[in-house]
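Okay, so subunit A shows up in both of these, paired with subunit B first and subunit C after.
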Partner chain A sequence: MTRVTAAPEATDPGAAVTRGADARRVTGRGRSGKRRQRLEIVLFVTPALALMATFVAYPVYSAARMSFYDWKGFGPMVDSVGLQNYVRVLGDEVFTDAVMHNFIIVFASIAVQLPLGLALALLLNRRIRARGLLRTIIFVPYVLAEVIAGVVWFQLLQPRTGVLEKMLSSVGIPVPEQGFLGTPDLALATVFVVLTWKYLGLAVLLFLAGLQGVPDELYEAAQLDGASWWQVQRRIAVPLIAPTIRVWIFLSMIGSLQLFDMVWILTGGGPANATTTMATYLVSMGTQRSNFGIAGAASVVLFLIGFAMAVAYQALVLRRDTKADA
Partner chain B sequence: MRRSGRAALSVLCSSAVLLTATACGGSEDTSASGGGGDDNTITWWHNSNNEPGRGYYEQVAADFEDANPGVEVEVVAMAHEDMVDRLAAAFQSGDVPDVYMERGGGELADHVEAGLVRDLTQEADETIEKLGGSVSGWQVDGQTYALPFSLGVVGFWYNTALFEQAGITEPPATMEELYTAIDKLKAAGIVPISVGAGDKWPAAHYWYYTALRACGQDVLEDAVTSLDFTDECFVQAGETLEELLATEPFNPGFLTTPAQEGASSASGLLATDQVAMELAGHWEPGVMQGLTDDGAGLGENTGWFAFPEIEGGEGDPEAQLGGGDAWAVSTDAPDASVDLVNYLLSDEVQTGFAENDMGLPTNPAATDAVSDPALAQLLEVRDAAPYIQLYFDTAFGASIGGAMNDAIALMFADQATAQDVVDATVQAADMEK
Partner chain C sequence: MARRATAYGRGGPFVYLVALLVVAVTLGPVLYGALGGFRTNAQLARDPAGLPDPWVFSNYTNVLSNSAFWQYTLNSTAIAVITTAVAVLAGVMAAYPLARYQFKFREPVFLVFVIGLLFPAAVAIIPLFILVTQDLQLGDTWWGVALPQAAFALPVTVVILRPFLAALPKELEEAAMLDGATRVGIFWRIALPLSMPALVTVGVLAFVTSWNAYLLPLLLLRGDTRTLPLGVADFSTQYSADTAGVLAFTTIAMIPALVLFLAMQRHIVSGLQGAVKG
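Let's look at the complex of A and B:
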């Protein structure tokens, strides 16, 4: 599937070069020039295509093929079961819950991180004291390795011995008996808080970069017209960085669908499957339980969901941005 | 044009990320080429990655080379988790090391079925006879495919000082006594038990034990082969566990507590006097030593008692849950590999193994060489047991065992009943049939 999309994508720029150069050189050396250009294209495109084929197309093909077999991870893959693995995956409550958890994270990220990130970006775009320091502080979590951040949060969130619990109880906020990660009803929300802490920096950074691109003249003109700071932000800054916001939403959506590392470290998908995601489901089914066929089917479902959402978002939302400039 | 190109590219890239994240490896290549290369080189993977074990095995390999001129042993020592991962990859590619570790049960049966393991029944008959009943976990259809070199049992490790502080004089021998001990510890402000339910298998060990105490040996043996769980005792096992769970004996946050990693793990809590006991295997003293600054673990406060008896249970209270590691030879390994495995189980090597406290030796000649008092006590318990039940998840294989462990972990979270655990296991077993 990817291969089909990959090929035109990779050759397109090359084709454009050929056409342009053709026009210029048609009166020149003719035939030998054309051949040389073909050679160049092959030379430049082949390594990328080979990498795509080896590390993208082949693994996808392999996972898709696996999904039609009952396979334990060794020996020949011969026990074909048709669509049975898909029936099992889609009928497994743990997996459907996992899909729901993924979508909760997708929508919660947009609902919480977008306004928060935007507010911080607008704030940090003003000339305030220690702006550089504040920007760094907000961006640092994003730079931290996911695993290290996860382990640190895991320790902070430990019941009784964790720092966070001591801080909260010292100001009189009640803490759950089993800790924030050990209580099924709170675990997903807790993971989301940690994810927000981790990824807010990226949103702020992108929005700040977008704000740099807003011409100063517009602010000046608005100020001359007597617009308040709020009006300037609402009518000028935010609309002008809308394309950046839409790209951030896209990135956030894809990231939330693939969510794995932070969940794996904080809860391993527990307690009582309260935080499983599609990715943790397929890892525990595949490498831990040796049901590679079921894991393969789950990965194909994850791919299809991700792909459908990416394409839909592209067609419905990002299209505006791309059209305007074409 | 420019921007649309970039946007399309971003879709492509993100789907590429998705793809690589979802495709979880695996090749159907079955050409087993053998790990060693030529016939005179034996590759041997083991997980004794720390001293003194690592150095000891180097010496063993050198001695074997001296006694067998022309044979070379390539020893690869790695951390346990690394070894498990690399073995899984090796089985996928078919390029398996010549001598490696098998945990027995369903996993071994699958490897045998795939033609990856060499039958040692004839070539190692003397060693097999010497090891006696210990090899039963590594037999498939009456044939022996691996030789266990360490076999341990699971029980409660406890902090004798904390028990004393709570006024408990005798370690509990029945479930009722265990409940009393839990009450006393709670009254003294001590968390009674830690369990790494986040890793699932430590929680599952409780169910395994209640099943072992509730079910007769014949019922269990039958269940392992026929995957029949209709006997009432399996539900009774779950009900006993529910009783225990109702006393709320576990450390706060136990549902996400890991088994052995770090000070906040179940083993870490026991090692640092935060809880009074933990159900774990023979590895526990070693794990606790690694988790304490002074390297002593619980030191002289280390105590051990067997899982208590269940009133009215069919199971023998002396029977223990356990498991171990065995040396196996891959199908295409050079013949000298079998000699190496026989040598590894010899009186001489097993005695050295015991002297270095590397595990619980299976060769009776090495029994007296175990110096660690806690391990020596375990060895006595193990050898006095009428039978050792292999961990159910190992015995059933990863697929059924995993489904079983998941259901038991749900029970710990109060989201599955005794019947649910049996049903989930039966359902996973039906898929295998």
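Let's look at the complex of A and C:
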């Protein structure tokens, strides 16, 4: 509170100087005050809008424009090809598989990480020893760069020499000959396991935070009514943190659609394109093959899918929360 | 407070068992990396899951005496600092009128930032690469990566800051106004100091995102301007036979993010919750 009272005081030296001008402004409030205010607004908002225009809006627009041309990355864009790039992208099995991989990750995240994260949050939402430390530890993988986590897992998953294979075969579980990341049927599932390791902490942390907001009285009342632990969780705790759960699903969905780093490090999209995502597809098209038209079309498709899912989710699911707030 | 209901009850053995398992799975890979860095490649080949015997320090000292490692660290730090400064300053400047002024295009301008949330960097990555390297000639520079990163950090910054600034008491502004302060003066001397907690939160988020970023630096930076994640990735492919060296390099690269996280834990957590509520 000291800062609150100190702040006006700090303006005092300047105030003495500007007092005369201010008197004029107070009496002459009206047009000149309005104009001044408009100037201030423009001044304040311009840097942010300029950055957004230059580095977000313009590149997105260029990606969309690129998608209608046959362009190799230099010279003017002149060879308009209509929708041909879209036809090629959507007809390219590598891309349609990539879209499918993104959707598999989207749904697997919700199907696996949500129940797992919820179960852990409910279990840990008690007075156990070292709860703070536990929460910190669970969150550690989330803080690490995806690349750094990916490099460590890449070592763990090495075929033959990696720790995981040694551990699994020592308890008699058969391991694939090409390693987990080298076997097309297992590679995507393996990437998903690593992603779950990396991102489960965020789910647990958000759910735990939501659970802290549930008033104790509700639990006590339910307990007095003879509800079991499971009933209390199912009927009280989970419904009350439903808004948090819905937002987590949204974040997870958007993240899964943009997946790039982990795949690029663990498999590079391979083996035999078994783990490509939309982002790895458009990056390899744009940078390694200079196929900018194709990369542009893939960008637009990626954006449209994400946008459609975000709007649909907002309209169907999240609307309930904003309504409840109002 | 002495007796809480079941939901807050003490944990039984089962809860501790689950907690222990979670800790093991979570920290296992991190500890494997850290301990592996203290072993030789021969030790790792003989028994990948074993403990260092004897402890070897040369892997770590090699990384620390590697000038490229320090160059990557410097680049990562500089880029993250520029990104954070630009995003927080431009963000709070934009959020201020959006929170406290009444004007015609207020909601449309705010909508620009909300819609910005829906544009992942991946969508614009190829044109960004062309824009930065060819049009702006900022390839292989700190600013070339930091400016686009700041732009992509702006939507979440503005969306978190606006409600915070809107909640500041109006009386302070009016009092300052009577004392003759200008709007700009009020912004610098009252709004900014009072919104420090929120600024720290969005700042930490922008910093961590930049520090961990991979895709944009991958396309824009080469050679001596590479950041730590790029350095780690390249080191691990270049010296793939030297597992112990890779593990030591990776472990050291983890430390700054972990230290920052531990120091700023509260802000990161509250920022993420704020993002969720917003």
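Points worth noting:
The working rule: the second predicted complex is superposed on the first by the 298 of 326 C-alpha atoms of A that agree within 3 Å, B and C clash if a C-alpha of one lies under 4 Å from a C-alpha of the other, contacts with A are read in each partner's own complex, and residues count from 1 in each chain.
Everything below uses one rule, namely that a contact is a pair of C-beta atoms (placed from the backbone, for glycine too) under 8 Å apart; a residue touches a chain by one contact, two chains touch by 3 or more.
Note that this is a predicted model, so its numbers are computed, not measured.
When the shared chain is aligned, no partner comes close enough to touch A:Ala242: not subunit B, not subunit C. Greater residue coverage of subunit A by touch, when subunit B is weighed against subunit C, goes to C.
Of the two partner chains, subunit B and subunit C are each touched by A:Ser62.
Of the two partner chains placed around the shared chain by superposition, subunit C is the only one that A:Leu134 touches, whereas subunit B remains out of contact. Looking at the shared chain after the overlay, A:Ala308 reaches neither subunit B nor subunit C. Residue contacts after overlaying the shared chain place A:Leu202 against subunit C, while subunit B stays out of touching range. In the overlay built on the shared chain, the residue A:Leu83 is in contact with neither subunit B nor subunit C. In the superposed pair of complexes, A:Leu39 makes contact with neither subunit B nor subunit C. Applying the stated contact rule after C-alpha superposition, one finds that A:Ala111 touches neither subunit B nor subunit C.
Once chain A of one complex is fitted onto chain A of the other, the partner contacts of A:Met100 are absent, as it touches neither subunit B nor subunit C.
Overlap of the subunit B and subunit C interfaces on subunit A comprises residues 12, 52, 55-56, 59-60, 62-63, 66, 73, 154-155, 158, 161, 247, 251, 254, 257-258, 260, 279, 282-283, 286-287, 292, 295-296, 299-300, 302-303, 306-307, 310.
Across the complex, subunit A is touched by residues 1-5, 7-12, 14-28, 30, 88, 91-92, 94, 110-111, 113-116, 197-199, 252-257, 262, 264, 274, 397-399, 402-403, 406, 409-410, 413, 415, 431 of subunit B. Note for the complex: subunit A touches subunit B at residues 2, 5-6, 9, 12-13, 52, 55-56, 59-60, 62-63, 66, 71-77, 88, 94, 154-155, 158-161, 177-179, 181-182, 184, 187, 247, 250-251, 254, 257-258, 260, 266-268, 270-273, 279, 282-284, 286-292, 295-296, 299-300, 302-303, 306-307, 310-311, 314, 318, 321-323, 325-326. Residues of subunit C that touch subunit A in their complex: 4-11, 15-16, 18-19, 22-23, 25-27, 29-30, 32-33, 36, 44-45, 48-49, 86, 89-91, 93-94, 96-98, 101, 103, 109, 112-113, 116, 118-120, 122-131, 147-148, 150-152, 154-155, 158, 172, 175-176, 179-187, 189-190, 193-194, 208, 211-215, 218-219, 228-230, 232-233, 236, 243, 246-247, 250, 253-254, 257-258, 260-262, 265, 268-269, 272-273, 276-277. Taken together, the subunit A residues at the contact with subunit C in this complex read 3-4, 7-8, 10-12, 14-16, 18-19, 21-22, 37-38, 40-41, 44-45, 47-49, 51-52, 54-56, 58-60, 62-63, 66, 73, 120, 123-129, 134, 136-141, 143-156, 158, 161-163, 166-167, 197, 201-202, 205-206, 209, 211, 214, 216, 219-220, 222-223, 229, 232-233, 236-237, 244, 247-248, 251, 254, 257-258, 260-261, 264-265, 278-279, 282-283, 286-287, 292, 295-296, 299-300, 302-303, 306-307, 310.
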